[in-house]
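Shared chain: chain A. Partners: chain B in the first complex, chain C in the second.
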Partner chain A sequence: MRRGRRNGWVGLAYLSPALLFVLIFTVYPLVRMAWMSLHNWSLLTPPRWVGFDNYTRAFDDRQFWVSFGFTLKYTLIITPILIIGGYLLALLTAHNSPVRRLTRTVVFTPVVIGLGVSSLLWYWLFSTDFGFVNTVLLDLGVLKEPVVWLGVDADRSNLAIIASVVWKVIGFGMVLFVGAIQAIPSDVNEASLVDGASYRQRVTRIVLPLTLRTVLLVTLLSVIGSLLAFDQFYIMTAGQPQNETATSVFFVYLNSFPYLKLGYGAALSMVLALTILAFTVVQLLLTRRSHT
Partner chain B sequence: MVKHWRPAVAALATIALVGACSSDPEPTEEQAVQPATTSCASSGELTMWERSGGNKQMVDLLVEAWNTKNPDCKVALTYIPHTEMVGKIAQGIASGEVPDLMGMDLIYAPQFEKAQQLVDLTERIKSWPELATASKGHMTVATYEDKLYGVPLYADVSALFYNKDLFTKAGLDPEKPPTSLDELRSYADKITALGGDVKGYYLPGNCAGCNIFTVGPLMWASGAKIEATAEGDEPLTGDGVKQVLQFARDMVKAGNVHEGDRAENGETFHLQFGTGKVGMMGTGNFNITLARQQNPNMKFGIGLLPGVSPNSSASFIGGDLVVVPRGSERVADAVNFMKFLLSDEVQVEVYAKALNLTTRTDMVDNKYFQAEPLVQDVAKALDVGRTPYTLTFFEQINSPQGPWLQMLQKAYYTDESLDTIIADAKKAMKTVASQG
Partner chain C sequence: MRRRGYLVGAVCLALCAVMLLPLLASVLASLKPTAEAAASPPTYLPGSLSLDSYQRLWEYQQGLPVYLFNSLGTAVLTILFTLLLTVPAAYGLARFPVPAKELLFVVLLLALIVPYQALLTPMFLMFAKLGLTNSLIGLAVVHTAIQLPFSLYVLRNSFAAVPRELEEAAIMDGASSVQSLRRVFLPATVPAVVTVALFAFIMSWNEFLGALVMMSKSSKFTLPVVLAAARTETSLGGTDWGMLQAGITISIIPCVGVYLLLQRYYVSGLMSGAVK
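Showing the complex of A and B:
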């Protein structure tokens, strides 16, 4: 009995650094955010208790739902591009050879650049007057006059931003897919070759099923990342035109900091966090079902 | 084990709380009675924040002049992106991480004064004779409930800059700028007709601040009121709002502005007139020097921003204040810096020499302005200028995501009914004002 209790304390001691980390950096901020969401607080004046008013207001706030709808649209467009594109790149480069290794390195390099930096880079590339994109398209005769890519038309801005994010992020999924493909036992591939399976049959009936868990993992990460998109929109469009490209997190930022409505921003964050949690749970359930 | 941790956690929490509460020393009485001078009272670097996107050239010159005079007490200047300045200051004040003094876009001052986040300087500066002639617009917003919180750092007034070379080419009299919106439209048509990359007018399509600075006065000059000053106040009143929106929409449709203007978010606004490709443009006094540097051979003139009726005009008096955030530990030196800014020598040898407006009206008559008629022309805008006063200026007007810019963008670039656009903006502004 005494030994069991002692083992328990030892276990707790081993766990305590991780527990402390989670308490300080996850639990406390979450509790604090929930507390803030029940107050009006501008940073300039002391917090004032308002109960669930901020939540009521969030559900009546048209711009919040416009932003949420836009974020979903962005997620629905970019996720298949990242998954399918990343998977195709992985299929092309999975087998080791100098050229394939070089290709993997080139495609993966933008992943190590900060999203803010890459957004600034693309902001310049898409510049109406000086940008590389317009210059090339004009020189090739594709365009007759410069196009204003960012901040004028919501769909055009969205596509420009998606292009920049795909360039930045696609290498991440590709590397995970390459790892999963390379982990498939070689005898499975060899057996399928002996059985006369075509390349397409091997990809669809062997490679894909055996890497499905990685596909679902990358999808989950991509969906969460896209639902939390902020930097690229803040830098490249600032929500323009007319807040049509303001993502949910951008709207939370806008209320929390420039408008100094920390309480309302916290309530919006809670709504967003719960929504993303719901997405994640659904996706995990689907993952489990497909696995079983 | 958890029990053993409790005292340590409690101690840490106490230290954190005490730290948070003690980081905000108020000036002592001894400091308060020290007479201000134009030099530093102590030694050590003074930290100062200023927004980017303001009159950086002027602020740099002022700081350089102070640093030359006070080598042991130099001002270390940090620029904060102008769209993040309000949040940055608020966070700084809340966390106790504040500079010794700061430049603040004057329109935000009332919000911070009301929240008592700036040091009350009344006892230190109220007797200064310089204040009698300090820019009225600045001093109005530097005052809250009869207490003084700052002095002008620099003044910007908006006016209509016009390119005399293009006027001549278009057959217009280069000495006669337009005096009504009808004339402005007709002159713009003629300049645009010159062809090439030249356009008659400039509209910053994605910049809320640029538009209140240059389009706002067109509305004021046409008898309109723009912002809701407080809860219950009606914004966007008067026929001038719709008339100016119609005027701007027609300008865009007539091709009198460059397509690229639509994406202008304020970053390159100050560089547009100097390109020589714009016939007329609402901009500020800061553009005199800039345009000369960009395009030394271009001849240009300055008129007032007109309204619907002939010879009606208005201007936005903007710029920055110097204020002291609560928690500053160098209040006396910050006040000395203010005294320095308002001194005769700095007004003439720094402000006027750089062809910027002096922040004291009695210093306008100086050798530099006498030699430069353009500055005298732009100074006329001070007589018809105004500074909006509201506690929610950022959210109502200056925010790139606020109702003011949304209204303008819809008016400029869509065919939606102007009445609906104005009604939507009015509703949004009233909501903001009621939450302020």
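Showing the complex of A and C:
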């Protein structure tokens, strides 16, 4: 043993509890899920091998496409709002002054609240007869009649839920963007000031290009999070009307648990996991580059 | 230049107001007397203050103490499991020439690539066999599996940043690897350990889908699950909005509290762990 070096096998021993845990509680379920997806199985009957039937069935299942399409729509609307909004907030608050610091803290606060709980809060705010959204809009004269926000019209429900999620998570991107903007060397900024660059020029030519990697990263995180949306829809619309607002994860949940179509649920989970995998690989490549 | 400063200040304060209003509305609504809390249209400010809603929540079904115990118990177990697994693992990864280290690290971070939402079905079946459904330990295991990659990543970086001289000095003094871990590494990595515990707490306290799937007995519900159930169940001939607000307020207090107390750790954890 070299001086001041530890033995590799001792290190492996330190690693082994975590390794064992991951093997049992992540790797094994993953393998099991792949196996299940190739079987027809409800808890009542023994599993029966059906090959790729569960996958082709998903392809022909109208609800699969409804859920996928709805999740995609949700993702495509909310992501630009979160990224552009978060970036504007970061530009506004990146300098350290008391009022900006306070704003960062306040805007970030909903991020630490649970999505389930914030969805309940907004379920109340958007409720037709008891919520403040209608009350305020009626009192301001914007609305003549109370609007049924949730569970009747898919697009209107989507907008209400997007508003609530933007409130809940916009601070996440903001904080990461503020970190990236503050990491720009101050001499770069000073040089551009000496050159007489306007604020807009500095933002588009210096700040934005130098923080682009963080913007991409947050965009990916936001896309992945949105594709996995569940809590807000389960709580605020319960998938209504007619499962039109049931997202992909919601659809997996419905099949696996209330319906107990375990094989089908597993096949849907596989499709979901593979979709997410594509985005995660890009994300990991992006982060890895930043550390080397 | 000065006018612009005022403008920024005004915009900032307006933003703060917009972000805080929903929270404030919920807290105020939780303090309305029973009849007022059920009024339609709602009153903006409570006519008088009352703890009626908290009283009803306290006695709701199994009673608030049961749900608080479930949520808090799961969160504490999650912190415990996460630290017990990831502190030694981070030490091993950062400080030992472990064989096939790269491969093992990838396996350990696997849960980063596979969303846990997709793994819940096989996990549920396994837990049903092991008797880990409707169990705080079982739910804490799910939460630990979710939280493990982030925690390991943050801790490994922190362990790797401890100066080599400190460790070598300990080894020259004849310290065993366990002694170096306790005397050299743990004191030097306190901020990372706090960060990991903080994130584990907030995640576990807030997590919804896993708790919904794993806990089917209402005596084992966590706070978010019982509140979600209460949103449609009737007690006063409709949703009990006042009680719901009381529940939301109680759920929010611990996470906002620890966040405000440990903000420094939270933000640094977010920066270093943005992989997740």
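To be clear about the criterion, the second predicted complex is superposed on the first by the 249 of 292 C-alpha atoms of A that agree within 3 Å, B and C clash if a C-alpha of one lies under 4 Å from a C-alpha of the other, contacts with A are read in each partner's own complex, and residues count from 1 in each chain.
In this text, a residue touches a chain if its C-beta (ideal position, glycine included) is under 8 Å from a C-beta of that chain, and two chains touch if they have at least 3 such contacts.
These figures come from a predicted structure and were not determined experimentally.
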Touching partner for A:113 - first (chain B), second (chain C), both, neither: second
First, second, both or neither for A:184, with chain B first and chain C second: neither
Touching partner for A:17 - first (chain B), second (chain C), both, neither: second
First (chain B), second (chain C), both or neither touched by A:42: first
First, second, both or neither for A:272, with chain B first and chain C second: second
Touched partner set for A:257, first chain B, second chain C, both or neither: both
Contacts of A:220 with chain B and chain C, given as first, second, both or neither: neither
First (chain B), second (chain C), both or neither touched by A:129: both
Residue contacts with chain A in the superposition, chain B compared against chain C: C
Which superposed partner A:152 touches (first chain B, second chain C, both, neither): first
Touching both chain C and chain B, counted on chain A across the two superposed complexes: 9, 12-13, 129, 257
Contact footprint of chain C on chain A as seen in their complex: 3-15, 17-19, 21-23, 25-30, 32-33, 36, 89, 92-93, 99-100, 102-103, 105-107, 109-110, 112-117, 120-125, 127, 129-132, 134-135, 138, 167, 172, 175-176, 179, 217, 221, 224, 228, 230-231, 234-235, 249, 252-253, 256-257, 262, 265-266, 269-270, 272-273, 276-277, 280-281, 283-284, 287
For the chain C and chain A complex, residues of the former touching the latter: 8-9, 11-13, 15-16, 19-20, 22-23, 25-26, 29, 38-42, 44, 84-86, 88-89, 91-93, 95-99, 104, 107-108, 110-115, 117-126, 141-142, 144-145, 148, 152, 164, 167-168, 171-172, 177, 202, 205-209, 212-213, 224-225, 227-228, 231, 239, 241, 244-245, 247-248, 251-252, 255-256, 258-260, 263, 266-267, 270-271, 274-275
Touch list for chain B against partner chain A, complex: 1, 83-84, 86-87, 90-91, 93-94, 111-112, 115, 117, 205-206, 259-260, 262-263, 265, 394-395, 399-401, 406, 409-410, 413, 435
List of chain A residues in touch with chain B within their complex: 9, 12-13, 42-45, 128-129, 145-146, 148, 150-152, 238-243, 246, 254, 257-261
